[in-house]
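Letters are used for the chains, namely A, B, C and D, taken in the order the chains are written, and counting of residues starts over at 1 for each.
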Amino acid sequence: MIKSRYHISENVLIAPKTYQLVLAGEADVEGEFVDIALPGFYLRRPLSVCDREDGKLTVVYRVVGEGTKALSEMTEGTELEVLTGLGNGFDPEACREEALLVGGGLGVPPLYLLAKELKARGKKVTAVLGFNKAEEIILADAFKAVCDEVLISTVDGSVGVKGFVTDAIAAAHPAFDYFYTCGPMIMMKVVCAALEGPGEASLEERMGCGAGFCYGCSIQTKNGPRRVCKDGPVFKKEELLW
Amino acid sequence: MIKSRYHISENVLIAPKTYQLVLAGEADVEGEFVDIALPGFYLRRPLSVCDREDGKLTVVYRVVGEGTKALSEMTEGTELEVLTGLGNGFDPEACREEALLVGGGLGVPPLYLLAKELKARGKKVTAVLGFNKAEEIILADAFKAVCDEVLISTVDGSVGVKGFVTDAIAAAHPAFDYFYTCGPMIMMKVVCAALEGPGEASLEERMGCGAGFCYGCSIQTKNGPRRVCKDGPVFKKEELLW
Amino acid sequence: MVKDLSVGLCGLTLKNPVIPASGTFGFGLELAKDMDLNVLGGISLKGTTREARYGNPTPRIAECPGGMINSVGLQNPGINVLVNEKVPALRKVYDGCIIANISGFSLDEYRECCAKADVCEGIDIIEVNISCPNVHNGGMAFGTSAESAAEVTRTVRAVCRKPVFIKLSPNVTDIVSIARACEDAGADGVTLVNTFLGMRIDIHRRQPVIANKMGGFSGQAIFPIALRMVYQVAHACRIPVMGCGGVASAADVIEMMMAGATAVQVGAENLRNPFACPEIAAALPDLMEELNINTLQEIIGTV
Amino acid sequence: MVKDLSVGLCGLTLKNPVIPASGTFGFGLELAKDMDLNVLGGISLKGTTREARYGNPTPRIAECPGGMINSVGLQNPGINVLVNEKVPALRKVYDGCIIANISGFSLDEYRECCAKADVCEGIDIIEVNISCPNVHNGGMAFGTSAESAAEVTRTVRAVCRKPVFIKLSPNVTDIVSIARACEDAGADGVTLVNTFLGMRIDIHRRQPVIANKMGGFSGQAIFPIALRMVYQVAHACRIPVMGCGGVASAADVIEMMMAGATAVQVGAENLRNPFACPEIAAALPDLMEELNINTLQEIIGTV
């Protein structure tokens, strides 16, 4: 865990209420998510790392409350204090040859970095990305540039398969030996139940410290209590009790 | 009382820990002091108006705590929410012909606007300005440009009369029919006791609302309780109990 | 869709639930030139005692993170000036609910002041402060036990025909038992909460910031504790609750009402923003729209 | 001039008064890789009970202006794991004062846990939490009356040779009477304060934010109330006080000490800034210079 100052080098609207934030600062740091201090707010805001290179971190966030609203109003050059090196991310080594990535909404961005890591290891990568409607689609081109195949589903059918990610998977039957999923809890639960074989899911929980010492984010797993921020946020499918 | 947004058009160091702040916004507004909201601080900071023209307000402040420190670090263009139209200032009409202005340290700035107002009414104005030492002298040239005579005292004798404002007055014996004083409480008390004839003094008190409705700043006077922010901050010498 | 902001309180109808809290809005008159008072659902006037009081020595104000301490100490011109001058003058310019806030150092004083407030035409509700922590041997003692709270309630109840609200102190182990005691003793409602006893030290001068050492702490900082007490009392009593403590926005008003408050008082926030109450009242309709609320009355105590 | 930050506490010497508060720094080990723990005067470990506990359902955390609510609910691996694994592991990397924080649901549980902590070599001080508001029928009941607080104190005093601090709840009418009762029952010191019972409602979902409805409110917001209690107790009792509640800076540490605290615990601030304690300890010498303080010991209770 490292506490350091970053400055905003980009903070742009990429879909309704959804922003892509690029932070420049400290050279490449580890960690699945960052925890950003926002002036005037008591707790930090955890956001998953979507991409990372050349001392720049990209996160994609949706405005859901006062904190993300304040963040969305910050301009280029604004300094932010950020905790990095947090959380255990997806394990690209767990996949033997063919990976299936299943993302829903704001769960899509963290899978992007994983897709790059899997490709760097020579794996075949299929991504299934689910959204509510056409205008909410994010990062589709970025995934297409990296993955072997990208399937899109929308609830209203405006783009790709009409329905949920599971409908897109059922229709295309992609081959995979390991899956990775991130998105709304209910989506991940359904995905874990529907897909046979091993995989892992990235959870979300209200956090205090974000760094494993306040036990504010504990969940019960088959192996006893686990901290989402430190032992996760990514957990193996077999471990999860839902 | 008006609440409006100003932006900083100047915020420069003019003496050790002492800054001149020019706020641009709302056209000329009344009031002896303004009450500035500082992000991250619960209460506003009251600062006396030193000058006012063309929709610009000048205040001079010293860094004494966290709030003024934060203010001193703000750059040009920063927006601030300000309450204006607060307090009853000095009464330039109270002087018949010859006015004596007695200021000490950060009590000097508010007398500047008064000096201009007295001159506009054709009065003769003598200003006695007291400081600790040469480097802390502020606004001397501004006063010289406006007043008929300016006497300086410094505690260490580095400039002008060595000692306090009362020493400078005792040495020069300026003629006056009314005096106005602003500065440390102890200075004003001594000035009011030493000077014969009528005059008025500008008090300071910790404030809640700054606008006369919380009764946080009350003092006892010969005429009963008075609110420094609303009934003052300027009070007639005869009224004060010290 | 037009939003209905009105709430019913002891047979009165308030045009909206937003009320400046006692001591943080003077007698209303001080602000009459600066805003249209008639946008306010009610106004709780400065705490009044039998005799005129100067209050405590200054400094009376200390800043804190997210709040402030005051030790005004019930400066007021006395009950006769209230009923003969202040209330009639306010009534001329204000058509909403006028709440007289009464403090006392003895049962006699409470009885006498409340009786005078009861026959004062302009006053709609009598709010009895048994909680002010600033006065030695004063309000604090009455507000910190169920027995003495009930005693004050019975005393004033006997001399009032108007609705009587007892304003409780949060500096207690069990707020519910005190509220219940007031209800049983005939209170028409309770206002909660008053300030917390707090203190700050000036580490440079090595002295308390407040001349009186301690004072009443309030402001945004206390909101979660006040909200909890409103929730507990509203779910344990049948009389209405005026929620108070740390309210600073329209969202806070809604949160207090969902916790069980019928009306909501705004205190220290007025000191940092004299226009807080009119701004909050004006912001309510849009927020109601966002939250799918058509009438405020319907959300009271829904959580 | 070299500054002396050390303070004496029940015969122990702390290298400085800065101590992460129980529950906000895990068992110390969680942060051992991220900082040099040895810059801390002491560490109060996560609250421990007889049996392992998972604690309360999530969400357990709610943000507030200037503070937060937690309802962790004493998640811990049980006293045996504490004394056999956690403390020995921490002792290997940490040479300061190790404080075991013990909670219980019965006198028996307190007795058994404290007895085990007392014979655990690495533990220097036993801090008995009689105040955690998260557990039904739990700590709250013990901490809210002088009698039951004294009862717990006597019970654990009888089985401990190490210094025993009783950690008090601020959710009480009269903190002084409770502290005095603990002193009379043999406590070597008191820690004050624990969290305030608080609540937040999510107005969009119309539900409490915290799964358990209410939880413990703490952080900067409570500083003025905590400071007042420290002042009152330090001036009424002869045993040392560990001050806690809203401390977020070196200036806050000095203010707590001037109010009467011998050592100062930092709680929620660690959650928003994991490096808060080392940063505060590092900032003390310069601040002492500015305030003309040479040894911290000399300022304790000077106001």
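In the analysis below, a contact is a pair of C-beta atoms (placed from the backbone, for glycine too) under 8 Å apart; a residue touches a chain by one contact, two chains touch by 3 or more.
Keep in mind the model is a prediction, meaning the values are calculated, not measured.
Student: Which contact partners do chain A and chain B have in common?
Tutor: Common contact partners of chain A and chain B, which must touch each of the two, are absent.
Student: If you count the contact pairs for each chain pair, which pair has the most?
Tutor: Counting C-beta pairs in contact for each chain pair, the top pair is C-D.
Student: Computing the C-alpha centre of each chain, which chain sits at the greatest distance from chain B?
Tutor: Chain A.
Student: Centre to centre, by mean C-alpha position, how many angstrom separate chain A and chain D?
Tutor: One centre to the other, that is 36 Å.
Student: When the centre of a chain is set as the mean of its C-alpha atoms, what distance in Å lies between chain B and chain D?
Tutor: Distance between chain centres: 47 Å.
Student: Measuring centre to centre with CA averages, how many angstrom lie between chain C and chain D?
Tutor: 34
Student: What are the residues of chain B that contact at least two other chains?
Tutor: Answer for chain B, listing residues that touch two or more other chains: there are none.
Student: What residues in chain C touch two or more of the other chains?
Tutor: Only 62, 64-67, 220 qualify.
Student: Going by the touch rule set out above, what shape does the chain contact graph take here: line, ring, star, complete or other?
Tutor: Chain contacts: single closed ring, each chain with exactly two partners.
Student: Sort out which chains touch which and give me every pair.
Tutor: So, checking each combination of chains, I get A-B, A-D, B-C, C-D as the touching pairs.
Student: Enumerate the contact residues on chain B facing chain C in the complex.
Tutor: 1, 3, 37, 41-44, 83, 205-209, 211-220, 225, 230
Student: Mind listing the chain C positions that touch chain D in their complex?
Tutor: Residues 62, 64-67, 69, 144-145, 171-174, 196-201, 203-204, 206-208, 214, 217, 220-225, 227-228, 231, 246, 248, 251, 254-255, 258-259, 291, 299, 302-303 of chain C touch chain D in their complex.
Student: Give the list of chain D residues in touch with chain A in this complex.
Tutor: 23-26, 30-31, 34, 46, 54-55, 58-68, 70, 72, 75, 209, 219-220, 270-275
Student: Can you name the residues of chain B that touch chain A in the complex?
Tutor: Touching chain A from chain B are residues 39-40.
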